[in-house]
Amino acid sequence: MKFWRKPLDLDKIKISCGEIHIFKDRCKGCAFCVEYCPKDVLEMSEEFNIKGYHPPYVKNPDDCLECHLCEMLCPEFAIFVTLKENEKPANVTAEKGRK
Amino acid sequence: MKASPTDVLTGIYYIDGDVAAGYGALAAGCKLVAGYPITPSTEAFEAMCRMGPQVGTVFIQMEDEFGSISAVLGAVWSGVKSMTITSGPGYSLMMESIGFGAMLETPFVLLNIQRGGPSTGVPTKTGQADMMQSRWGSHGDYELIAISPDSPQEMFDYTIKAFNLAEKYRCPVMIMSDECVGHMTEKVVIPEADKIEIEPRRFYKGPPEKYLPFSPDPDLVPKIAKAGDGLGLYITGRVHDERGYPVKNEEFKAKYVRRLVDKIRLNKDKIIELKEESTDDADVVVVSYGISSRVAVKGVEIARQKGIKVGALRLVTVWPFPDEKIIDLAKKVKAFVVPEINYGQIVFDVARCCHGQANVVLIPHGGAGVHNPLDISDAIESAAKEDKKIEGVVEFKTRLEKIVFERGLKFKE
Amino acid sequence: MAEIRFAGYGGQGIIRSGIIVGRAASIYDDKFSTMSQSFGPEARGGACSSQLVVSESKVLYPYLTAAGILVAMSQAGYDKFEPELSEKGLLLYDEDLVKPKASRGNITPFAIPATRFAEQLGKKIVANVVILGFFTAITKVVTYESMKKAIPDSVPEKAIDLNLKAFERGYNFGLEVLKKQKEPQ
Amino acid sequence: MNSIISAFSKGIEKSGIDRKKISMPSDVPFNPDVVKALGVDYFQIPRGRAIAFGTGLKLGNPSLKVVPVAGDLMTLGGNHFVHGARRNMELLIICVNSFVYKKIAGKPIPSTQSAFSPYSTFEEPFNFPHLGNSCGAIYTARWTALHTEELADSVAEALHKHGLSVIEVLAPGPNYYTDIDSIELELLKFYHENSTIKNNEDPKNVAIVPDEKIIVGKFTDKERPTFIDSYNVQHSKILGDKFTPHGGKNG
Amino acid sequence: MKAKETKTKEIQSVPSKKGEIHPMENLLRMDRMPHIWCPSCGIGLAVTAFASALEKANIDPDKISIVSGIGCTGRVAGYVKLDSFHTTHGRPIAFGTGIRVANPKIKVVVFSGDGDLIAIGGNHFIHAARRNIDMLVVCVNNFIYAMTGGQVAPTTPLAAYATTSPYGCVEPPFNIPYIADSSGAVYVARWTTLHIRRLINSLAEALQKKGFSVVEVISPCGMYYSRINKLGDGLDMMKFYHDNVEIRHGEDTKNLDIGFQTKIICGKFVDRERPSYMERYNQWLSGVKGGSRDEG
Amino acid sequence: MKADPKGVLTGSHTLTGNHACAEGAFAAGCRFLGLYPIVPSLEISERFLERAPEVGATFIQMEDEVSVLAAVLGASWTGKKSMTVTSGPGLSLMMEHLGLGVMLETPCVIVDIQRAGPALGMPGRPAQGDMMQARWGSHGDYEIIALSPSSPQEMFDYTIKAFNLSERYRIPVALMSDAYVAHLKEEIVIPHAEEIEIEPRRYYKGAKDKYLPFKRDKDFVPRMVNIGDGYKFHVTGLTHDDRGYPVMNEECQEYNVHPLVWKVRNYVDEIIEVQEAETEDAEVIIISYGATSRAALKAMEQARKSGIKVGSLRLVTVWPFPEKRVAELAKKVKAFVVPEMNFGQVVLEVERCSYGNANVIFVPHGENGVENTDDLLSAIKQAGQADKVESVIIEFNKGV
């Protein structure tokens, strides 16, 4: 996460960190999740799934902030996000902002 | 009268039955098509939308099936030929207006691409279960004509014939096709316009003040007029007299509604078209229509190889029903075998006309597919062997029925 | 008489394949052919197949009694229709999309990376035409010349060149495969 | 009903349109003599289908002036109405609104003969001009059966409009295929006394509310291409010479 | 297909490794998955939004009945694990009216498409709105009849192509919020499938509303509408929504027309109170006999 | 199960057929009416609306007949016995949903007060022109039950029977009355609630997650549940399997639709009710239903007086048609005389089931009023004289 201004209590803020689950054989390759992930966590793969589509894969697993947008934007109910137990302190991710 | 060259898309095509029917309608001079999309009839409507504007045919996609058929009726009374296209559920919605069309003696054509039913059923697959509906679906008494083509080429030819019959008898004509024919792609040859015979509309040409919209000619069919000619038309769906004025008298009803049914019943011989094959010395005759008749030939061939004398009677016009033909045949044959893609409709009429003189075997099929030719040959074989007279329709147990109900259906598509 | 089934998922041009071969056979080769289609309600991604009967005389039964040739462009299509393929049948499939089981009877399998070829040609959508070229070379149900005439009738004008290219690609690959098969013997 | 018809006849007179070219599909039964006097072509249609039938008439022969008369239009035929308005089929719809109101302007009104209205007694009616307007009708007006002069003017004006026009007429009318027995003068007078003319009012505000006076007048008058116009324009644009335009504005 | 250049072939997904299931699964009929909708179709998103809204609104799922008609969206009833009805074309509102009136404890949700609700079902739509039957209507608008293969719909924008308007649509489309408003709906909103969070909130709000609520969901049809009109696939449609949607709450519904690839105005437009059908019914009933029924 | 006393207006009343029908519905436990007013069925709705508050029934007047039946089907799934009343043109509009009712196997009753048709016909005038429509009017294959009452008392009794059959077989049942019976005013006797037998709905009672909406019992009838009871079921008008999920192939079509036919055809003996009079020694039998059976009985008496051996077979259930009984009788008699207020519908069935053993004489009845028996008597005389079996229906025509 990139902050406009460094919060004073930055070291105390913890940012939730998500884990993405993909049912790749449900995917029909619409790419909504890839396109609208605010952190570019996902990317389409080259592999064919059982239906002949390219499903997404998790490119940057550590960047996921558990916003659930990919989950909500998946028309196939093929992707969902759970909260990872270890929440990272904000300052760790602060440097890794979106390009 | 010959078809107008601008309407006829002469050429050799590889198209499906739906499209062929659409082209047939254009060739017949249909100038307005109103439809509402419903699988599996959409291709016919789409074909007319695509080609219509190029041959001067207007298309309109109405808001529902009530709208489509009402617009068609309106268009006919404005003086043009018109048709609508639908399938099972849409057909059910049109029932009220079909009766209305029959009452107004409105010549229009309805193409029904039958699918598996009842209700929504199996939209993408075939069925023949609207046959009785086409005859009896609207309330009250009326008669109409129904034709059942079996190939894309026939879809073209019989659509033209349907328009001709409609104009000739001033009645609704149903083309009762089915999904299998509608989605079957084959070679279709569309001839030149001067090879296509078109029945002109029977317009009234006398003095306006003498016009009686429901005064019949000797063949019981009245002359038609169109709106806007200053004839002061009064047309009503109520029971009416010659002038079209509503009457409230039972005797009038007897007279005028009776003519609606009589003009078809008494002209039956001219309307009915049958295709017979080796029925002269047959022990068993297969009676069928539409796609079933095509499949039946395969079954007949198999039975013949086993040495059974079997003939085939194909009902091209299903309604009016060829009572006399069946009555005659019943005297000569042992049994009729009737394959239908339903659980018994036309077979009851066959049984009715048999008068107990021949056995009647139904080969039922629920739809979503066509008969297995082996079922047909087996049914022919067992019918030929049966020496006893059996009352009622014998239902042949098909392979499909055995499979489904003996092994049970698995819960997976 | 040849009974052919094209199977795949919606959107691959399965039905169009049937129409092209049927047209080539009935209009340009002057045989009888009947094509019927079956599809699910969904437009894309659903199981979809077309059945084609090519015959010297009028086709009576419009569906297949025993498929002599199966062209499989999806695993689902293969799984569903492989069992109905006759013992002496031919199996043509896209090797990227279908993983066939061990062959049974005298079924001869022929594989082609049609979708990959099509992607190389620039449009995945012409995969079916690639496989049609392959089909023409291997099965000889229809003639090469008729196919070359039938394809332009069935595709938009802009895409004719690409489709013919795709057809050639599949056809040549088919010839190669046949050649290779003969070599060891 | 008779007063509507005479107003309508007067309207045709004023508009100068040839009566022979007018077709009236209607689900209200008209007396044959009345039709003869009007000099138009009349079709009695199953309930609610007048507009759809009229669409066919107009498309089949664009030179016709089609005037669907709808008795209980807004029940069965509601769909044809909203879609006709959207398409802007060139039709003049006379909607005879005869539903039973319980109270108008705070007073109970004399009830009509039928025990049924098109709506149950506890239901709110449509704001008909508003609905028409929202679907795209180019002309909406409302009069009672006693505003004969205004009604005639409206008819004359609307007959020259190109597009779907709708005139709602409040009148005790027949329902359900029964015959017109008599017009209840009392009711008519009541309507007349409890209505107020507000031309060009926003149709949004003209709902018939139990405790208020009925607002009558002409509410909408705009221009939009008709179905046949846009059909011709669009197809000429794409097909060019291959397309022969159909009908046109005045046939 | 948006295959980007990457060497990674192994998919780093974690499908249900801890026995976890997709959070929607308790509201969906997973035994029917995969659903029939095409790739990049937006109806799945509408279902996700509805399921999330159901949780958010905290409504007992046993007391909800979902009714659909025919069409792509008509299949929704089959995938949502509630008492669900897949009825005939255009009639879900009428069917739902019966349910609601016969048992006012049931909340009826009609989930269907534009062709189903507005074309053939237009009459039921306006009448149910007029009666103010207590139900939520989710109208997924993809501008076309998709199930039957891309025919022109009453929502197809002027000049857009469809198989039954092969030379461009000649009929102007309906402005669904306007017609809902003028017929008397008490809650009218429009969102695209891209505005998924707002859509969820809106649906949750509408679920708690008493009376006839309409939520129009603009959804991409990547197969027919955008294909025939050469607008790319569903993703391109979503991008179009991203760039061309303007949110204006409380906008007068008459300004909400949608043209061909023009700006789309989204938002909540109507939120008012009107006595519902059952309230009027009970009022009438109490006038007749004294006793009154409970309003569910 | 016995009737709920709340709906039973015990006692002797003078009611029209229409009003008796409404009372019958209440007695049968009907608690929902979907209506759209149409002549000549108005009085049923009027009576229903009037009495609904005290009985605790609900009603709704919809915008058209299409939606009426949809609403009735929806209401039926909430557990309320539901019905609608209509007439010819309305019935035509209901055809689509009749099919849906069959497919969803939803019990409901459709009362059709027939009037002269086709199209608008003659409102208010009796006819029997919708008989075939009731059987064949919707697309696709199905079987239906249709009853035809001939007096206000029967309107009451058979309305109850219609509901019972409907619940028993989970099928829409049509009560095919006509304007004559509907407007006929006669004395009817409504028994005590405990004397009225009511068929309870066949509910499923097992585990909630095991419920399959179309899992058939041995008699092919599946069990129902109500909306809101937490079963979370799915039903569809598409061809479906036991779960109610659409499966669209040939096998499932057979699996789904064939039992829809069987569940009636295999139980015709239980369903069919006929009333016979003096058939033992009859040479001519009048087959009739509904209002015409009144004239038939009168004609029978008159003919007997003049020495012709005439019997009467009255079809209470017109659909399914009593094939067996007609076939049996055909072997014994010279001819059947079939008076109908149409131009030949049920007579075709009589012809079919007589297997060439008896003449079939059709009397298009009602041109001189329903109770006039002149034509019928002449037809009976003509029938008695015939000495050979004709191969077609003989249509009685005064002129000949």
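To keep things simple, chains are lettered A, B, C, D, E and F as they appear, and every chain counts its residues starting from 1.
Assume contacts are C-beta pairs under 8 Å (C-beta built on N, C-alpha and C of every residue); 3 or more make two chains touch, one makes a residue touch a chain.
Not measured: the values here are computed from a predicted model.
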Touching chain C and chain E alike are A, B
Farthest chain from chain C by C-alpha centroid distance is chain D
Write out the two chains that share the greatest number of C-beta pairs in contact.
-> B-F
Expressed in whole Å, how far the mean CA point of chain A lies from that of chain F is 63
Taking each chain's centre as its mean C-alpha position, how far apart are chain C and chain F in Å?
-> 54
Distance between the centres, which are taken as Cα means, of chain E and chain B, whole angstrom | 39
Centre-to-centre distance between chain D and chain C (centres being mean Cα positions), rounded to whole Å = 59
Where chain F touches two or more other chains at once, by residue number | 60, 63-64, 66, 89, 96, 100, 104, 119-120, 123, 236-238, 243, 248
Hunt down the residues of chain C that sit against at least two other chains at once, touch-wise.
-> 40-41, 44-45
Multi-chain touching residues of chain E, meaning two or more other chains, are 1, 37-39, 86, 88, 119-120, 122-123, 127, 147, 149, 154, 167, 222, 281
Footprint of chain E on chain D - complex, ascending = 75-79, 82-83, 86-88, 121-127, 130-131, 133-136, 204, 224, 227, 230-231, 233-235, 237-239
Within their complex, chain E touches chain B through residues 70, 86, 88-90, 119-120, 122, 145, 147-149, 151-152, 154, 163-167
Note: in the complex, chain C contacts chain B through residues 18-19, 22-23, 26-27, 32-41, 59-63, 65, 153
For the complex, which residues does chain B have touching chain C?
-> 12, 14, 16, 39, 123-125, 180, 183-187, 291, 294-295, 297-298, 369-370, 373
Okay, in this complex, where on chain E does chain A touch?
-> 1-4, 6, 8-17, 20, 22-25, 28, 33-35, 37-45, 48-49, 52, 194, 196-197, 200, 222, 233-235, 238-239
